[in-house]
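Before anything else, here is the set of structures, which you'll find just below.
The two complexes that follow have chain A in common; it is paired with chain B in the first and with chain C in the second.
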Partner chain A sequence: MSRRELAKWVGLPLLALLFLAAPFIFNDPYYQHLLILICTWSILALGFLLILSVGQFTIGHAGFMAIGAYASALLTTKVGVSFWFALPLAAVIAAIFGAVMGWVMLRARMGAFLLLTLCFAEVVRLTIVYWPSLLGGRAGFPNIPRPDAIFGMAFDSKFPYYYLILFLLAVMVFVIYRMDRSKFGLTFKSIAQNPPLAQSVGVHLMRYKILAFTVACFFAGAAGSFYAHYLTFLSPEYFTVWKSLIVQMYAIIGGIGFMIAGPIAGAAFLVVLPELLRATETFSFILYGAVFILVIFFIPGGLLSLPQQVGVWRQALRRRAKIPGGIRPWQYLRPGS
Partner chain B sequence: MAILETRQLSKHFGGLAAVSELDMEVREGEILSVIGPNGAGKTTLFNVVTGYMPPTAGKVFFGGEDITGLSPNRIAERGLVRTFQETVLFARFPVIAHILTGLFMDSTTTLWETLLNTPWWFQSFRRKRAESLQKAAEILEFLGLKGSELMLATNLPHGHQRLLGVGIALAANPKLLLMDEPVTGMNVEEANFAMSLMRGIRERGITVVLVEHDMRTVMDISDRIVVLNYGRKIAEGTPSEIRANQEVIDAYLGVEEDVA
Partner chain C sequence: MDVSLIPQVIANGLMMGMSYVLIASGLTIVLGITRIINFAHGEFYMLGAFCAYYFFQMAGVPYLVTILLAILAVGVLGMGVERVLFRPIREFFLPSVVVALGLAFFLAGTAAWLFGPEEKVVTSPFPGVLNALGATFSVERLVVILIAIVIMGGLWYLITRTKLGRALRGVAQDREAASLQGISVNGMCNISMGIGCGLAGAAGVLLGPIFIVHPYLGALAIFKALIVIILGGIGSMPGAVLGGLLLGFIESFGLTYLGGVTDVLLFAFIFVLILFRPGGLMGRVWVIRH
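And then the complex of A and B:
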């Protein structure tokens, strides 16, 4: 069996099994909470990377998660819809916001787009803060009901929550996987690399950019809805710009060359790392910054490119060893030098 | 019959008239060259015709329809496809992916097919993909790029990169192909191959318009030539007529010995 086949038929099922068995392996509510967070933020980071694949860099993705979260909270408490209807509805609402805002914002390129998404996320957050009568304002949105029992599974432990968010993650992974391996992925990437050339063969740039953006927002909305009913409490402080920035860190630290595994690996690494070091929240921000800088500097392909990167280092060291004057690693550990 | 026609087409950049009141027509099935000194407005003409820049005044007709002011992708959909002057490719794509991107309009795969079609369901997703790969292979064979399908385009020799640019445009199934300096930077051998390709493209029923500086290529291959200077058409005719035209010699060709 080739390495590729080995990865496909042995590696992937093992990985899937690991994800399915994770809450039993880490049978402790706190660890399970971390697992749930990993899946939630993976969905956001996957969305970030999907938008990046059409060449647009967003730092406002948490804003769409907030829309999904508050939409779902309103639907269940004020309208009285069951969670199982509110979740897809919230996703659709976030997707509609995504399509409309995408239609407006995606005309801007690079830096301008980045600022627009930032502003949008802030507008969403400030709307929540300054509309206390409906959205709870700074004090938060309390008493969001837990999901109703489904298939005889009551939501009284972490297990059903984990499998629900894992299911959402799996759906998103499937969608991205299929799109990535079809005409759509090819078109997205061609737009990112050379818009005029893509246009010259008939690609409607805006249509495909909006498609990628809307899909990402749909899943961000679904994740938001889940998040609301998991915590049963929402605060605008959950959806600050920091959250969006950390989401893009997940994707970049995991490796933007890895459309699916990268964001998930990055989210897992960055959620677990502060716990391993028993860091407080303030300290974990510093930690994230340090890790981010180190990864960008030394492993620009992301954590998942570490095997290739090690090869590059070894080559550099071998070349260096023949030159008198010894090894100065800081000169040679950077790729491309 | 005129497949492409410009009427009183003008493009001004501030006070500079890059293209000025240009009346020009391209006949179906011919190879037409647009020549002129640097800054004569040739590339601007291409950009305006293919929708990359809006004209200041005037109209463009393609196949009898007014296409003035349409976006580049809409114009490409109608069968008017261009190549670019600089070697512009997709830096992170292998060769085959370029052609598959070019086949974009050809592929009718919908989002739902993409998401739902698994091998044991109905087969249309896989069948369409196989058809696209087949077409891409034919185009690469035609361009003589067979065997380098999986190479990164940036690793190809320059001449091959230019050919790949033509391949992307060909994949988009053009009726009229606008080529902006296709043989620039090619050696004699590559340029000869490129010329035979252009004839091959014409034989496939595709009308060809090229902007070119290489006089040997232009005189050799063109059915007709349009000469621009300062955005105006100063001459039009067969290669031998152009060679004999005093105004063209003054503006562009210089003494006749240089041409021959």
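And then the complex of A and C:
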């Protein structure tokens, strides 16, 4: 068996098994909480990378998560819908917002798009802050019900929550995998690398960009709905632009050349790292800063490109050449596009 | 609407506006010339505020000397950062965002570790108030406005009337063409970072006594500065002045007469502005193309 086949038939099932068994291996509510966070942020980071793959850089993705979260909270508390209807509904609402806002925003160039998403996310957050009668305002949205029991699983421990978010993550991974391996994946790459050329061979730029954006927003909304019912409390402070930025760092640190594994690995690494080192809040700030800078300078392809990067270093050492820049998947992304 | 409040509201708006101008002008210079969104700009401002605390408050250095010291210290730090961190990735958008953000986290964390996370108070160098036109002006704020005007004037002279300023504008307009004229692009980027961070440091010393000094000051500062430069036009110096004053007045009037809704309306307005005028209100004046 070649190394590739080995990875496919042995590595992937093992990895899936690891994800399924994770809450049993780390059988402690706090570790399970971390696992749930990793999956939640992975969904957002995957969405960010999907948008990046059509050549746009969003820093307001948490805004769509907020829409999903508050939509779901409102639906269950004010309308009285069950969580199991509220979750897909919240995702659809976020997707509709995504489609409309995408139609408005995606025609901007990269730099302007970044600022537009920032403004949109702030409008969403500030609307929540200044609408206390409906959305709880700065004080937060309390008493969001836990999900009803399903298939005999009551939501009273972390286990069902973990499997629910893992299921959402798996659905998203499946969707992105299918898109990436189909005509869409190639089209997205062509849009990111050379929009005029893509357009000249008949790619409808806006249509594909809106598609990618809507899919990303759909899952951000689903993750938001999950997050609302997992915490049973929401605050606009959970959805600041800084939160979006950190989530996007997960994807970049993991490796933007790895459509699916990158964001998940990055989220896992950056969530676990401060815990491993038992870092205080202050120290984890320093740690994150150092990791961001060191990864960009020494493993520019992201953590998952480390094996390739080591190969590059060894080759350079053998030839006694100057150490080259290495793998840089971002060099095609120009702010002008 | 209470008309008698208007002089006070204008005074507050001018004061807030000038502080935004100070913070944002540094950011816009760096963005215009290196084309890096320096997310760590707020942290340089925070370091300036700590200069005010340690030099002026603790060591008793005269206020004006403290300003110069802070400009020097933070400016040199900024130049070092540009040389080591920003130069290698200047041409690439994505890594520049990551590195700038990483730097912001690193500086904020380090400051919290070194100086302690608690809030520090700097006593006002110019106590006292002035009553005129039915409004109360604190002398300190008037001095800040004056010094800010002096600094901005100096900057205007530097950029429009000197050879260095011409070189900076050249690099901002077209890097290739500028380097063909024998202008060192690397050098100009370095200098622009020095000027930008120096301005942030000066802003920190000026505003430190008015607001509270703490290590996580930078996040809010960079956020406001970003809004200002979006409003005014990215990379444009008059844009930063206009945007800063505009934001100051909008906040001052809005918070007095409208309440919190102002923020929502402000962001909605900026959203529409970017859509229809991506260059901001004063785009493409003086420094950069966006």
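Everything below uses one rule, namely that the second predicted complex is superposed on the first by the 318 of 337 C-alpha atoms of A that agree within 3 Å, B and C clash if a C-alpha of one lies under 4 Å from a C-alpha of the other, contacts with A are read in each partner's own complex, and residues count from 1 in each chain.
As a working rule, contacts are C-beta pairs under 8 Å (C-beta built on N, C-alpha and C of every residue); 3 or more make two chains touch, one makes a residue touch a chain.
All values reported here derive from a predicted model rather than from experimental measurement.
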Superposition on chain A - do chain B and chain C clash or fit: fit
Most chain A residues touched (candidates chain B, chain C): C
Partner chain in contact with A:F283 - chain B first, chain C second, else both or neither: second
Contacts of A:I252 with chain B and chain C, given as first, second, both or neither: second
Which of chain B and chain C A:Q199 touches, first, second, both or neither: first
Chain A-centred angle between chain C and chain B, computed on Cα centres after superposition, in steps of 10 °: 90
Touching partner for A:Y163 - first (chain B), second (chain C), both, neither: neither
Chain B versus chain C as contact partner of A:F233, first or second or both or neither: neither
Partner chain(s) touched by A:Y31 [first = chain B, second = chain C, both, neither]: neither
Chain B versus chain C - smallest C-alpha distance in the overlay, whole Å: 16
Chain A to chain B touching residues, read off their complex: 174-175, 178-179, 182-184, 186-187, 189-190, 193-194, 196-205, 211
Residues of chain B touching chain A in the complex: 50, 52, 71-73, 76-77, 81-84, 88-93, 97, 100-102, 104-105, 107, 109, 111, 114-115, 125, 129, 168-169, 171-172
Footprint of chain C on chain A - complex, ascending: 52, 57, 104-105, 108-112, 115-116, 118-120, 122-123, 126-127, 129-130, 241-242, 245, 249, 252-253, 256, 282-293, 295-297, 300, 328, 330-331, 333-335
Complex contact set, residues of chain C against chain A: 35, 39, 85, 88-89, 92-95, 97-99, 101-110, 112-113, 117, 219, 223, 226, 230, 234, 259-261, 263-264, 267-268, 270-271, 274-275, 278, 290
